[in-house]
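Both complexes shown next keep subunit A, but they swap its partner, so subunit B is in the first and subunit C is in the second.
So, the complex of A and B:
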């Protein structure tokens, strides 16, 4: 089985992955940017734009991307498992929560890249519909005044958030590196811009629903996000569906990209590679050291992903050749 | 089959009538088969023998237009009695052909044609005398419509082809006959509009049908399972219809329709998920009604798959997400029920489909009695005995109604299996499990194809299409053919529009 994805499906998968990853990162994982999170998302997109235009599979860039994508996928898998604690499943064994997600990710890798991309495009439309329902249900609960001060914690933290956002974008758009065929720079930038804008809008919306809480645990922030205390509890239902569906699409895209990159490097059967990659991500997601790794990716991920591409861009000539990282 | 029989089958006819008759008697097991008939006759002193299967061939047609014609032609111009003379001057039957290989003749004779063997001639004349009893064209039984044509396909392939031709009276309509099955052949017809259907799609379907390697193939149901893109998928990737008007509409949109002997329905491919939600009424009704009905079916499908799973997840794990008054009613209704929600819903689902299946098998006369049993015993009595909560009966009833809104029977069963999967996931992991199940089902659907066409097209991937897929826009806007039609047809119709 060859793991492949058309450029159209890769763009759809990337759009959803970028949106969800930026939102997860800036709203829940590292909320230090405060009200300026949406500006960080847009700065991240600007920083990552050249990378997104240039990235293609090459041996050196491929290895870096495999490592970064696998680590980030493990971190997303851990986030999904952690979110389930919010859903009255906090007493379940971690493996009971993690293995079904890994199985769903493996199933999607086996259905191949187009299935993941097309599912993402449908998922995005359904999420939009659900968000409109949420907006209507919670219209009275929005507090635009909470978006001030616009710069939140100030420019240094916004810029730092921008660099981190660029790292997340780099790992979330790795499906582009394995897409079949070639597409124009503009068609690569459209899902990036769309994803960053969607994430910025979501960050603004969430900022109006609940004031950003810098302290507190991960679950407290998720709880704030899903349940603001001013709207009826049942309005959480669509938000929870959007939250989990988004994370699942992100995880599937990352697992697929990782497996496809491995296949281009090792040239083995896609089914075995998919199983091995998902199993590895599952194991890593249970490691205690994952948090540090996730922090490292957030801080240095963009540089780590950009260096092989940039180095070959400087040494070799021509976009396509250099971007392969060979 | 013995090696001797194989050799006999592949041999050519000899010029000796006795030898030929003996061969056919051996191959048709005439000593045991009482319906294999060998009728000797003479024409100007030349001996002939008509071979046919009683019941499959029309006796009257055979005696009036073939046997009598042979016996009565004694004029000098019929001096030479050979296959050509018989065909051109004697036999009064519209369709005749010559054959000389024993197997070819035998294959036709067992389908109801008659062969005339001629002494001193190495060729036989095959006559179209098929006249076995068959059901007349009647109202459809499973795809009934409020408005629109009422007739349905029958078991006879020829009648079905005629019905299709009546709805598509075009010289571009091609009906290509194929045969599948090594030991018992099943005759299949591929029908498509030349220049409108994509040649690659037609070729793909033809190759798949021809590559079926089975000793017997019992009708279109078996053929469908042999040629579908994803045989493990829950949902069918070909459309079954018993309505000639719907099959004709498929042909005109650029799809390929398969008909087979003894199958009172047609298969159409390629299709998408949205085709499974279409009904013939949609085309006859005004566009507003068609669109509304389609949206109702989509909602029925979603409710049918997700409602029971969501109910289990919410009531078992996330009571806080339910409005307080509803939670109160549910708690009150379930207070005396001894089973967990999962067991309760599985019992109810099982009972529902037990009644459904029994109702399908029962004769019409006692079908109404089953409704009473279902409604009274399983509904009223189960609630009174506190086995089932009343709210669950509402859930299962709405789910069942949603399922019945789906026009395609196989598609509906696929949805039921999907629903059970969602229920189990919801029971195991709550809303998280329902999300996982929905994601897995969505990815599964996105990975499916029908004759190479993505199952969720033209939504994902997006394709330019006729506005008659999910919603039905006014007919004057429906000029563009479907995205799976040939490029030529798309260009021509677009230019004409």
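So, the complex of A and C:
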């Protein structure tokens, strides 16, 4: 089985992955920029734009992308486990919560790239519809005054958040590196801009539903996101659907990109590679050291992803030749 | 291929986290109201009202109603919760809490905000629960709840508190609201104030628990007034007669019944309270511009008197809170808009400016 994805499906997968990853990173995992998070998302998109335009599969960039994407996918899977653990009706072991999600990701990889991309495209439309309904239902709970002070923690923090955002964009856009055919820079930038704008909008909305706080743990922030205690209870279900569907699309896209990159390096059967990659991501997601790895990716991910791509571009597209078998 | 896929899906289903035997609704102890007290020189005492699922309505005096009361204490929140688990014959489930009741003594403790955060961060605890501070012990308050908890999972509590909030006797306050306020960089939180009256006639009186009324009510609890907080701890109260104005300043759009020189008016707020914070020669000024409409007949002379009366009452409410260093109105939000970063806002030290701020209230009845 050859793991492949059309450029159109890759762009759809990238749009959803970028939106969800930026929101997860800037609003839940590392919300240190406070009200300035939406600016960080846009700065991240600007920083990552050359990367998104240039990224192609190559041996050097491929290996870096495999490592970064796999680590970030493990981090996303761990986030999903925490979310499901928080929402589960019963007290359940983390493995029980994680394995079905990993199985769903594996099934998605086996259905191949186009299924993942077009599912993300449909998912984005449904999510938009649900978010509009939720927004209207809890319109009275939004407080624009909570968006002040508008720069949150200030420019240094916003810029740091921008670099992190660029790293998350890089690992969420790796489907582009394995997409069939070639597409124009503009067609690659559109989903990037769309994803960043959608994430910025969601960050602004979440800023209006929960005030800037100087404390609070991960669960608190997740609670803010899903049922913040201020909005009507009946908006919780659509929010949960949007949240988990988005995370699943992100995970599936990352697992697929990782498996497809491995296949281009090792040239093995896609089914076996998919199973091995998802199993590896599953194992890593349960490692205690993952948090530190996730923090490292947040801080240095963009640089790590950008250097081989930049080197390839500067050296005259040598990696592009790899893609065509040279 | 399809069969293999089907088998894989069935295998995956086996790993899904569904309801185990202990997860069945009948086997859970759904806590509807949770009370928290400080007892025995420092221990936290939790009192939980749990419905007996499958029983009928809860008015039977003989059986103590269809609700069971469990109490347990521990040196801190996790240990008290663990003790409650031990005292309760079924797994304690906090996902349906409708009301969290905290004793006033506990709410006045210096590190109360830390405790409330700890409570709110408890997995599966429903943070939309109403937040009530009661005079006296929370345990006693909870024991008087039988008559108002309905047969459905406490829709009665919601309906009752919504009704009181709509009438302006209590503020709208949830556990999430309080926690957000305690941790946020903006103003302070408020809580619903509850009391257990000596008898049911005293419970009906809104303005003074000691004042007996001719009206009758089957319940001894009295919900009226607001508990005020400053820096995460309770610092004072506002009576039910002033909560209406507090709600108005907080942006509630309920009608305001107002009495002026023996005549009753019903005023409808037009838009939210226009709160602004300005600075004049380093003096902070709190500005409120509130417009009302009314269907009542009112001559120009009475209108001016009414406006002046409302302005005076609003100033008194703001001053009362200023003296307690509590900003439940949201002036801080208006003031924060002038600052570009959280750091510059924190350096500004809003609380100090707020305490000594001048007040300008403009009321327009149209």
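Convention: the second predicted complex is superposed on the first by the 310 of 326 C-alpha atoms of A that agree within 3 Å, B and C clash if a C-alpha of one lies under 4 Å from a C-alpha of the other, contacts with A are read in each partner's own complex, and residues count from 1 in each chain.
Basically, a contact is a pair of C-beta atoms (placed from the backbone, for glycine too) under 8 Å apart; a residue touches a chain by one contact, two chains touch by 3 or more.
Predicted, not measured: the structure shown is a model, and the values here were computed from it.
Looking at the shared chain after the overlay, A:211 reaches subunit C, while subunit B stays out of its contact range. By the touch criterion defined above, A:99 reaches subunit C but does not reach subunit B.
Once the two complexes are laid over each other on the shared chain, residue contacts for A:84 go to subunit B and to subunit C alike. In the superposed model, A:146 makes contact with subunit C only, not with subunit B. Legend: residue contacts after superposition of the two complexes on their common chain; A:248 is shown touching subunit B, with no touch to subunit C. In the superposition on chain A, A:240 makes contact with subunit B only, not with subunit C. Legend: residue contacts after superposition of the two complexes on their common chain; A:107 is shown touching both subunit B and subunit C.
Shared-chain residue A:122: touches subunit B; no touch with subunit C. Touch criterion met: A:154 reaches subunit C, while subunit B stays clear of it. Shared interface residues of subunit A (contacting subunit B in one complex, subunit C in the other): 84, 88-89, 92, 96-97, 100, 104, 107, 233. On the subunit A side of its complex with subunit B, the touching residues are 6, 8-9, 12, 84, 87-89, 92, 96-97, 100-101, 104, 107-108, 111-112, 114-116, 118-119, 121-123, 232-234, 236-237, 240-241, 244-245, 248-249, 252.
Across the interface of their complex, subunit C is touched by residues 34-35, 84-86, 88-90, 92, 96-97, 99-100, 103-104, 107, 143, 145-146, 148-154, 210-217, 219-220, 223, 227-230, 233 of subunit A.
Subunit B meets subunit A in the complex at residues 317-318, 320-323, 425, 428-433, 435-436, 438-440, 442-447, 454, 456, 459-462. Note for the complex: subunit C touches subunit A at residues 5, 8, 12, 15-20, 22-23, 117, 120-121, 123-124, 126-128, 174-177, 179-181, 183-186, 330, 333-334, 336-337, 339-345.
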